[in-house]
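Shared between the two complexes below is chain A, which has chain B as its partner in the first and chain C in the second.
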Partner chain A sequence: MAIGFATKDRGGRRRNLLELVVMAVTAALFVLFAIGIEGFATPGNLGVVLSNSASLVILSCGMAVVIVSRGLELALIAEMVAGATTFSILINAGVGGPEALLLAVGAMALVGCANAWLIAYVEIPAMLATLASAMFVTGLVRYAVLGGEFLLLLPKSNPAVVLLSGDILPGVPAPVALMVAALVATGFLLRYSAAGRTIYAMGDNFQAARLGGLPVRTTTIVVYVFAALMALFAGLVTAAASGTVDFRTVTNGSLLFEVILVVVLGGIPLRGGRGGVRNIIVGVALIAVLRNGMTLMNVTTQMQDVIKGFVLIIAIVLDNYLNPRDTETDTAGDL
Partner chain B sequence: MLRSLGRTIRAAVMAAALGGCVALAVGAPARADSDIAGKKVIFVPISMGISLTEGWVRRMRQHAEIYGYSLDIRDAAFNTGAMSELLAKAISEKPDVLVVHNPTVQLLARQIQQAESEGIKVLQINLQSNRPSSAFVGANWKRIGREVAEDIVKECGEGSGKSGKVAIIPGQLTAADSVIMNEASFAVFDAHPEIEVVSNQASDWEPEKARQITATVLQQHPDLCAIFGHWDVHTMGAGNAVKDAGKQDDVLVYATGGGESVACEAIENAVLDRVWSYDADGQGRDAGTMIDILLQGGAAADGSMLEIESPMKIIKAGDGFDRRQCWSM
Partner chain C sequence: MTSEPIIGLEKATKTYGGIAALSAADFTLYPGEIHALVGENGAGKSTLCKLIAGVVAPSEGRLRIDGEVVGLATPKDATRRGISMVYQETSLVPQLTVAQNMVLGRERPFNSVRKVRNAARQVLQRLNFKVDPSQLAGSLSTAKRQMVEIARAVLNEARVIILDEPTAALTPEETDHLFDLMKTLQRNGVAMIFISHALEEALTHADRISVLRNGRLMVTGPAVDFDRERLIHHMIGEELLETERPAAARPRTAAALPVLQVENVRMGAMVNNMSFSVFPGEITGIAGLIGSGRSEVAKVILGHTKRNFGGGRIWLDGREVRYNLPAQAVRDGIAYVSEDRKLDGFFETMSARENIGLGWLAKFGRGRILAPLRRMRRLAGQWEDRLSIRSIGADQSVLYLSGGNQQKVVIAKSLVQEPRLVIFDEPTRGVDVGAIAEIRQIVRDFAAGGAGVILISSYLPEILDLSDRVLVAKSGTIVADFPREEATAAKILHAAIH
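Moving on, here comes the complex of A and B:
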């Protein structure tokens, strides 16, 4: 525990500085768009910003927990699509919503366990293990389950789909409710659970945490199963909203890029050990405002990617400057 | 081009008849000129696993079986880098005909030229590169773009009482269909100042991106009159956003596509309103026929590209709707 607190005290001020910069940029963009773009600062549009961000926030919760533990989860989008496919196949086969959800949760927990086993027990670097896992899961589901198809259509009339895409309470869409639930679960895991304290310790100094007797292997399982479940819920939100499960989301790669962008921009350093729910919200806020403003301004998708890439480079450079490597953080397994 | 194809076919028939007479005179088999068994055809699609390409391949295989030539599929799985490599490998294998499905107008242009210069006949299917080759089979994107735009003008333009606001959702701005359809539809819209294109953002062919773009545009322009999606699959995401916003009676959702049964289901579910179908099933048969002709040595007399334009089916929601207008695997 002392390790985690020491890092937080020492690095806290600098971390907040990056967060403050991102928050200031978000606020400036918000004001700029509100003045310059007709229809931006309306309750309806802000509702759309929130709904459109739901899956990104849920995915970022999974990625944030992994990165705080000094890991990386490149299979996140593959798990998202595989989870949604499992659920959709079952729904289309006439299985009830709760049963389909339970089976999908089981399947994704299994994928998370497999990833964690490769990383914690076989000791393959997280980046390579999850990259291989992403390819394996995508290939397996596409060919064994979908018979080579790229797309799976989900009937919008199905009660489970209606529940996931409609309002769970008057004025509260299910995706937004799931997004809040994911943030609460992440906050609880990181701040109020024993596993959370171990996650920070692992991220701060993995060897010290291991030598100190912390259960780093079982915590790795918790981390990757949590990430896989977050991916599943993000997949359900996306599939229910668009009425499709689309494997090109994996091959396209831009969503994984956005998730990493959110986490880094929010102020969670890729070398782990720091950050929490607040950082996820800060990161998503900037991306969501930027994306919505650019769409309203009719900026082409390619140009949007250029701008987002530019923002990521600035954030990484700034992160490197504000959180310089030292002999303690610059160790094996670092990115 | 159809005329030139007709000339070619007539010439081929005449040649075959003449050849037949000569052959009969010397007692050799009459089908000497059209014996294409054992020849090699390679198809490099953008991706298998979608109804469009699966539909094409089903029909092409039937032709290959009838004539006894081989048909190899090299699936690029939506990976343009892999596609260039697969095409390079296919060229090195020196097939008799190479069938190419271009993701953009430029990506494979140089390789198409290389294949042609090495004597490999290249058939471009549905999406053209900016480099002509031996043959093209596919939709007339210019016509689709113009016709959809004219329909939008009729529904949203002067005298309709609507706002005239239109959102366009291409797949990729550099894809051949999007380039040509945008050009054709903007030519129509430019002549009608009451039509305002409020958004023209690519979805990367993804339904979820199309949904997010549409949800945002609908907030800024609640009086949006029409959406023109360049592919039915991603446009379904846009249609779902319209439906979720409760505007399915106010916003017309137009799309183009291969006309598989999924498109008709989308019309039945009020996700799409009007689909300009180029009938992928028919295109598959056209492609098969064109491969047969190319393997038999068919070529345009003036050396230009042989072309077969896919007949269109316009599938509209409403009284005249008949789901038999769509085909299924």
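Moving on, here comes the complex of A and C:
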């Protein structure tokens, strides 16, 4: 009989306790920072928190969809930078904004397809396929486009850049609008689309999905193309805000881990099949509040990483404590 | 049995999520006793064993060991008190040797390979059980692995050994050997509990038998006081005695063309020149031992696994097919009901309805962007009613359903696709008696609707009850083909073994 213990509410679905705990911790931190740090709870600062989280949210949307399908996307940051580079090069060369965007979307869709082909058709584990594709894409773009440089400057005056970094509506910056759009798109994909149903099924039990005749290959393509496009939009937001495309975001790796951190903290288990948009918001909220508070307190980046790593460990330990595993509920790849 | 009981459960209750898997059970076990537990699936046998083995703690009631009330926190506590459990799915580590497995969990910081091996060998020899202790556990057959687990229990100086369906995967000779072994242990004063679905085993080999039904311990008594009828009576109560065998085979329309033709299919070491045909409206039973290549050929037909290069041909309705992915087969109208529903049958995070809805989506969702959620839910609801699937709440995960209801969900998930051909792989495994009858009726009704049915089953009465034609598979080949009138258990067994 496959019945566990405290992980489930009575006779119903599994309730995600980690999500609740993370929400509570976020709320507590928020109150703590609001009292302890001057200038934290001001509308101006909170607006900054929101804008600064935009690219993280968009990236997390891509990663969350992949992880729900029981995959892993290690090429996300490489795609983000490669997409932004493609777009920037094109507008630098005088191509109009919409055309450049379309071409960049096409290029990233191609990268997503290549990933999905390796995973679904060649049947290489997602982790290896995307790791290889991350190296390939980064190397190719730097070699072919940048000639070995790691920094690409964007003209601040270009209308596309102005549009992406400015307000799209009065009081609504473009990054925030894109962030909301990404969340809505993710919610739609997971909840209402036919592909979304298959994504949950694949994450829940891949063999059952395959044997039951669900289109696991086409859905894998949808998943990785979606992730690549999210990466592109996150790249555009970051590039427009900073005026540069910086390849060191790929090589120092911490952004990729931050994205995985957000997804896992929000309560989307790496074994897949569970979680949704709400979990992304919960995860980002904690990281964003923590990051902003620490920056205001002048904590160094290195110390911030220490604290974030610590938070992740606590979350995993807590999750293990709240959802005890036994031989019956244990699944390979479970976090 | 003059001595004090070694194990005593007093009014033990175990509830999972508000549902009692075992309620107020009083159970005793004496030293040197072989005690059989019988009952349908879900009757509470495994729960009772797990309480004794310290895997789960009772919600109410007490556990006494040697008369002393104890609270076992973990299986390790139980082992320390001399209680060992031998699981149905064996819990050996395949990458370790037999000897290493036997001392698993009791290693010292440094272990001498030779000492460990000698200790293991001593025990194995004492049990008259021929296995090389330096062999890898993964290379052993199921029967031998089970024996190694028993040997491990002996090495741990177990006074109580609990065996969960030890004979389910054994051949008759292996079963005899196992019971010889149990008798040997019994003479050394070891008490044993074994769960069995084969009532004859309980009647022949046990000293006492306890019957469970719906989480209640109905009766306990010396085995000599029982017979088959009485056990069944206690197991299923008054109302549900097995339906009788239906009339002879439906006559095949003379001109009927096969739904499926399989010719010389080969796949790796498991499927070796398999050829057969399936006719519409007929149930084609495939009997055979475990590992005779039946499930494997089903998965080749479905496109889940690839046949060898040039490994035979398959026709569906006279059209040659070769699928790369089950999705293509499903669209053409082939459905497969898995033999292991938990492993690759259902989606555990989802409700019964969502599961059935996904079956529909797999067949009819092609080219759709939106999932027609309301329609899927309605259709799933209809199938729930049609197969009388009982779930407690509409949103409840399939994981909480009984085995029978889970199986019906998996079947509904395939039937909602309106397939031309369904392959039922062990459709009643791990299903309670009442649901067995219902599921067999579902299979019959479905075939009567004019579709082709392949029934893979290792349970002969089921093959005989349902099949219009019986094929026998052996080492990846079909070795016999009996029409219903000629199929008898003896003939089938003979073909499957020799």
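We take it that the second predicted complex is superposed on the first by the 303 of 335 C-alpha atoms of A that agree within 3 Å, B and C clash if a C-alpha of one lies under 4 Å from a C-alpha of the other, contacts with A are read in each partner's own complex, and residues count from 1 in each chain.
Here, contacts are C-beta pairs under 8 Å (C-beta built on N, C-alpha and C of every residue); 3 or more make two chains touch, one makes a residue touch a chain.
Since this is a predicted model, take the numbers as computed values, not measurements.
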item: Partner chain(s) touched by A:Val277 [first = chain B, second = chain C, both, neither]; value: neither
item: Chain B versus chain C as contact partner of A:Ala227, first or second or both or neither; value: neither
item: A:Ala84 touches, of chain B and chain C: first, second, both or neither?; value: neither
item: First (chain B), second (chain C), both or neither touched by A:Val66; value: neither
item: Chain B versus chain C as contact partner of A:Val141, first or second or both or neither; value: neither
item: Interface residues, chain A side, partner chain B - complex; value: 37-40, 42, 44-45, 47-48, 51-52, 142, 146, 148-151, 153, 155-157, 165, 238, 241-244, 246-249, 251-252, 254, 292, 295-296, 298-302
item: For the chain A and chain C complex, residues of the former touching the latter; value: 1-3, 8, 10-14, 192-198, 200-201, 204-205, 207-217, 273-274, 326-327
item: Sites on chain C touched by chain A in the complex; value: 16-19, 21, 42, 46-47, 55, 91, 299, 302, 304, 325-327, 329-331, 335-336, 338, 342-350, 357-359, 361-363, 365-366, 368-371, 373, 392-393, 395-397, 399-400, 413-414, 417
item: Contact footprint of chain A on chain B as seen in their complex; value: 47-50, 77-79, 173, 198-213, 215-217, 219-222, 233, 236-237, 240, 243-244, 262, 265, 269, 271
